[in-house]
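First chain written, first letter: the chains are A, B, C, D, E and F, and each begins at residue 1.
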Amino acid sequence: MKNAIERAQILLEAFPYIKSFHGKVVVIKYGGSAMRSQEAQNAFIEDVVLLKYTGMKPIVVHGGGPEINHMMKKLRIEPVFKNGLRVTDEKTLEVVEMVLAGKINKNIVAAVNQKGGKAVGLSGKDDNLILAERETVHGDIGYVGRIVKINPELLFSLLNAGYIPIVAPVAFGLNGETFNVNADTAAAEIAVALNAEKLILLTDVDGVMKDGKLISVLTMSEVKGLLNDGTVTGGMIPKLQCAVKAIENGVHGVHIINGSLPHVLLLEIFSDEGVGTMITGR
Amino acid sequence: MKNAIERAQILLEAFPYIKSFHGKVVVIKYGGSAMRSQEAQNAFIEDVVLLKYTGMKPIVVHGGGPEINHMMKKLRIEPVFKNGLRVTDEKTLEVVEMVLAGKINKNIVAAVNQKGGKAVGLSGKDDNLILAERETVHGDIGYVGRIVKINPELLFSLLNAGYIPIVAPVAFGLNGETFNVNADTAAAEIAVALNAEKLILLTDVDGVMKDGKLISVLTMSEVKGLLNDGTVTGGMIPKLQCAVKAIENGVHGVHIINGSLPHVLLLEIFSDEGVGTMITGR
Amino acid sequence: MKNAIERAQILLEAFPYIKSFHGKVVVIKYGGSAMRSQEAQNAFIEDVVLLKYTGMKPIVVHGGGPEINHMMKKLRIEPVFKNGLRVTDEKTLEVVEMVLAGKINKNIVAAVNQKGGKAVGLSGKDDNLILAERETVHGDIGYVGRIVKINPELLFSLLNAGYIPIVAPVAFGLNGETFNVNADTAAAEIAVALNAEKLILLTDVDGVMKDGKLISVLTMSEVKGLLNDGTVTGGMIPKLQCAVKAIENGVHGVHIINGSLPHVLLLEIFSDEGVGTMITGR
Amino acid sequence: MKNAIERAQILLEAFPYIKSFHGKVVVIKYGGSAMRSQEAQNAFIEDVVLLKYTGMKPIVVHGGGPEINHMMKKLRIEPVFKNGLRVTDEKTLEVVEMVLAGKINKNIVAAVNQKGGKAVGLSGKDDNLILAERETVHGDIGYVGRIVKINPELLFSLLNAGYIPIVAPVAFGLNGETFNVNADTAAAEIAVALNAEKLILLTDVDGVMKDGKLISVLTMSEVKGLLNDGTVTGGMIPKLQCAVKAIENGVHGVHIINGSLPHVLLLEIFSDEGVGTMITGR
Amino acid sequence: MKNAIERAQILLEAFPYIKSFHGKVVVIKYGGSAMRSQEAQNAFIEDVVLLKYTGMKPIVVHGGGPEINHMMKKLRIEPVFKNGLRVTDEKTLEVVEMVLAGKINKNIVAAVNQKGGKAVGLSGKDDNLILAERETVHGDIGYVGRIVKINPELLFSLLNAGYIPIVAPVAFGLNGETFNVNADTAAAEIAVALNAEKLILLTDVDGVMKDGKLISVLTMSEVKGLLNDGTVTGGMIPKLQCAVKAIENGVHGVHIINGSLPHVLLLEIFSDEGVGTMITGR
Amino acid sequence: MKNAIERAQILLEAFPYIKSFHGKVVVIKYGGSAMRSQEAQNAFIEDVVLLKYTGMKPIVVHGGGPEINHMMKKLRIEPVFKNGLRVTDEKTLEVVEMVLAGKINKNIVAAVNQKGGKAVGLSGKDDNLILAERETVHGDIGYVGRIVKINPELLFSLLNAGYIPIVAPVAFGLNGETFNVNADTAAAEIAVALNAEKLILLTDVDGVMKDGKLISVLTMSEVKGLLNDGTVTGGMIPKLQCAVKAIENGVHGVHIINGSLPHVLLLEIFSDEGVGTMITGR
């Protein structure tokens, strides 16, 4: 009985969060270690369906890393990098799209449906959801796209009908091309276009670190300071840039959390202190 | 962190219940000890609002016991009983209605609103919600009513608009009278009229007992057995009769639980074993 | 037959009023002598239901005077007055709320339903309909509230579903208190919040008098003149202040009429000359 | 003041009728003497708009008698009769349709709009509202139609949008012809197709007479008796046949009243005794 | 088979037009030679129904010329002209309204219904669709109206319910009069009031001519030039004035085409070059 | 001009078909030669979008043949056949799903969007659209599924919102497996579940042949005769079995047509004689 009472207590602690996020859109970038083990994937899917049933409107944007490399290897396509970015030629692009939209996306859809959600898998081509043009900042790196427009109508229509959209980061080009786009960026742009409450980026680190310690909460000016003074480096830089863009365009909070921790989504959303870094508007 | 993970685990254990009761009507008879202490009342209200936010459609039917006696005493009206039932003359009826519909009902409404719900208080007179005629089984005991019809339209309309109805067990008579009706019975009749998933009766005991032990689950035939062989006695008899009527008319489950236990509503609904007695259709 | 033709004629005279108030909200403060005799009450209820069936959307806000005093006397609570205002301590407040929301309100609801309307009784606590704070203009007079906000959503929802709302002038405090509020003021504030066509105040006098004669129509500037030059005195002053506030915030007309006259509501609304005083915007 | 109170009383006497016909469809055949004088026409139009504003859904089906004859005379077309029925050749048909649909119909529409209703004029050709075939019972009498089908969709759509449909008794033939149809019959068929509460036939006599006295109420079996025993003769026979057909197919009441009496519609609908003959289902 | 492929090709050529006019309102003035032969009328009706089925929302405003004269002659009413305009006295007005609203309008309605459309015939009196006042520019020419207001509500309601409105150019006067209004002007005003995509005027010439050659496309400034420099004369002047007014008030394109050419409507709408003159906003 | 008139004529010939299929669901199995050349694919996509704009609700179910083989070859997976059916082991299944749902499906979606449609790509996993179990009729051939249920809700929701669904024939297994299902069968089952007007199967032959000649129309009994007497052989047998099943379950017509003929869809739907074989209910 004591156990039961403790359990009730924990449900009640989640309650203020359930209340304040009721009916709100939450966009989650799912990738990295959270995708690698079956156990982590199961935990993630459970969390997404629970968010849905406790009243939120989750949208999942997924990456694909290891499975793309794996398939490229099987097809004996040699990966080429330039400034740390994958050069995406036509053969590579074909693999990227097939794996993202045909394999990973549908696996997530099936997993969500098995846990009791009603998922619909989309790529950026469906109803021209994600429109992009060629990314040329880093020279010619092939079919890598820079997002120019999100058409949110299909997402609104599916959310209102009670579905959980699962989005593969493949974009449609203004001239009919297919583009591979960054999943963090796609998630941020979708969060902005849907006026989301939260953008949640699952990574392989615990959050933003300073002097070896995790920072729990960051304001916009603190984020800009960290970007300017060189405290953050590597892959965290574009993530924070996504966060800044999202917050500046109306998203209320951005969370950077460690996807390798089981149920990290619940832990971050349903508690005061959280487990990663939250970036807020002020 | 370990603590956080345990908390996530407990949320996940509640998940199957959240899923399966999503969008379902749950009628709760609130009375007895759960009403007596401020702490118990707070816990009960929190639970009701949490049920609402996790997707259910709760309706509360409340009793009034001690406050009615208290006010009668202040007014120096002598209580009269016949076969253990309160004889309700006109002066008594006036106090009963005022206390139920004007004091207790509005207190519960205000408490639910303070916790973030949107409550609307009703008596059986509103839109003729509860129609009754004079109860004559026990001879003339005055303005005590036997429910003859529930008009569920107003409840459906409020539930669909997102409100939590709080119902005082006062009925309108076919000839324009006011009747005091039993709150357990009113809750059961409302549960039937709304095709509720669950009817939950808060009492002052832990549930149905046999040989000093709590029975966790009872089928309809077992309930009838207990009623026939004299195992259950006293106030539990009418509660089980309510349960039988509710189940026979389409309610999926009836729970008899101890209202003095804080958060007993959550404990009973969101766990496998529960803490009281559940009566099911088979 | 001649009789029949005359009757048709009278229906036709009501017709322009029926046409021009079609679908409009009419807020009626019901109190005083109109409440005292059973006959006056019956006539009033018939009028309200007739307004509803001829296409208007009536809302009734009621007072409670004599019944509150009666109950206080029975409970041997001594009334205390300060500057002519009732000092409302906790014990008094309890009686006020019980009588207003639990007795008078439900009696009106039942009477309307019996005449064929569909009434729903509300207090200002339901869905936080009337929010108030402590009135301190006259020093400490206890739980007397000054209205700070009307939440009209519940009223709109009930009106659109075809119900007649009956409102008790009890407010919810910003800090969780209960407040007794003036019924005329509550009616005026509700009329403003719902952008009502008319606010009708039933009183115990024929209307605004000057030199012993009833004034039929008053413009805003005339009302202000009467208030300034001391022509009106006593209880008529706050009524005219309500009227000014209502008109200045968009209500099209305010009527002050004598509730002791049977069917005064019909007489005032459905005829050119009317029987009381009408205050208009110009 | 005494006058005012009497007026309120009369409004109240109409109230039970207003209540019980609320939202109900009432089909009125308008013709004969009620159309002849400007005064009678004004009174009729006022009554129709008043029915609408007090909550009914009136539909007017009009005849055309004298104006058709008048126009035929101007065009020097000689009327031909066979068994008392007008033989309708092509030239006659052209006049009939023009006068009914182009003149009388539009005059009624404009008159209703001027009194504050929202009228839309229709002929049986609009959306194929009235489909007919050649009437051959009396031999070849030209373009006189027997109604085979009412398509009620357009009427429902206009009624639900708040319009008052005014229907000219011109039908569309299954082979593309135009047919003149009897207005009483058209009104009865429309009443059946819309499941109307009432069918009201305006005539030039006071109702059904027996032994020189008006019969106020007739049951179906009494009507059949009168038809069989020869009590009723002439033009009343087809009117009673219409009534029988309407009642047998679900219309609740059929009224035969004298259109030359001003405001006869109000007198009949809003009083107990009425002024003509009412035929009911039992 | 070759034939079949060519046919598919032609359907495909119409496709861009079908796409870009999908859901758009198209107002067509129907009159002159397009009305005279049965063959031309059949072709016109087919075109209107085809526009509807390929996704447009057509509204037809018709004239009446020859039939009015024909009927006046039969009634031996002498036509009187002043400055080339028909002086419309009461007798003439009666004929005009009867023929337009009672004969031509209903013939078009029936023809559209026979081809599979769902037509509803209206005059400007229905729901006060066209309000006018006396036209006095040319001195007293009787009941000739200048349009002062279009009430589009009824047209929107019918279009949204899938109907094709057929409008006779008869207007209701502000003082209750009936007015004959110019059909081109009525069509243009309706096009403006409904924010139509296109206004199409069927005439008896091929379009706007210059130096003996048809001009395919005209901008607003070119139209004004032609009006100023005297290139256009006679009946084309008011048509171009209608066009200017329509374009200046938001209609996207006005087409002036030769109604004597069978299926000229399809030819003009579903091809690049068109067959008449199109006036555009730039 | 003559050319223009001929073009109008051809539009008009398509008109009866446009009319009778308005608002109807048409399910099209797209595969084989119609997919192979870019020109054939363009023509097919144009046809689908044209069907949509002329009022139908097309759903495309696609196959994948050559691209699957091509990708398997690149991955050096050896195709294995048993009784002419591809044995689908896990490695093969992965390729099948990726190519169907990730490559071909998204290519069709993008092509439809470029032509002005609003396409959404789905696999049978989305919202559990196609549920299947292991096909065991031909022994163990791996992950080949037999459809057990279509969940049409997502398709209805997308059709009603104006989208064109593009469906990859991948099914979700009752135990969480992925299954490859036959595209003809999937199209037929979807046509039945949506109560489609038509099922259209694109093949590589002109239709059903007898004695070297194409049969234009077949009744159900004729189809059964052809199946029994051995007239049809090879791949046409399962196609006719699909047709029989579809017709027996409410689909109105099934068309078997040659996808290598450009615009065969338009030719078949918009003309009397058609170009392939149509199977009808009688």
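Keep this in mind: contacts are C-beta pairs under 8 Å (C-beta built on N, C-alpha and C of every residue); 3 or more make two chains touch, one makes a residue touch a chain.
All of these numbers come straight from a predicted model, not from anything done at the bench.
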Those chains which touch chain F and also touch chain B: A
Distance-maximising chain from chain F - centres being C-alpha averages: C
Chain C-chain D separation of Cα centroids, rounded to whole Å: 45
Distance between chain centroids, defined by C-alpha means - chain A, chain F (Å): 35
Rounded Å distance between chain C and chain F, as computed from the means of their C-alpha atoms: 68
Chain A-chain E separation of Cα centroids, rounded to whole Å: 56
Multi-partner residues of chain E (at least 2 other chains): none
Complex contacts: residues of chain A adjacent to chain B: 1, 4-15, 18-19, 22, 46, 49-50, 53-55, 116, 261-263, 266-267, 270-271, 275
Chain A-touching residues of chain F, taken from the complex the two chains share: 71, 74-75, 94, 97-103, 105-106, 109-110, 113-114, 118-123, 125-128, 154, 157, 161, 163, 170, 172, 176, 178
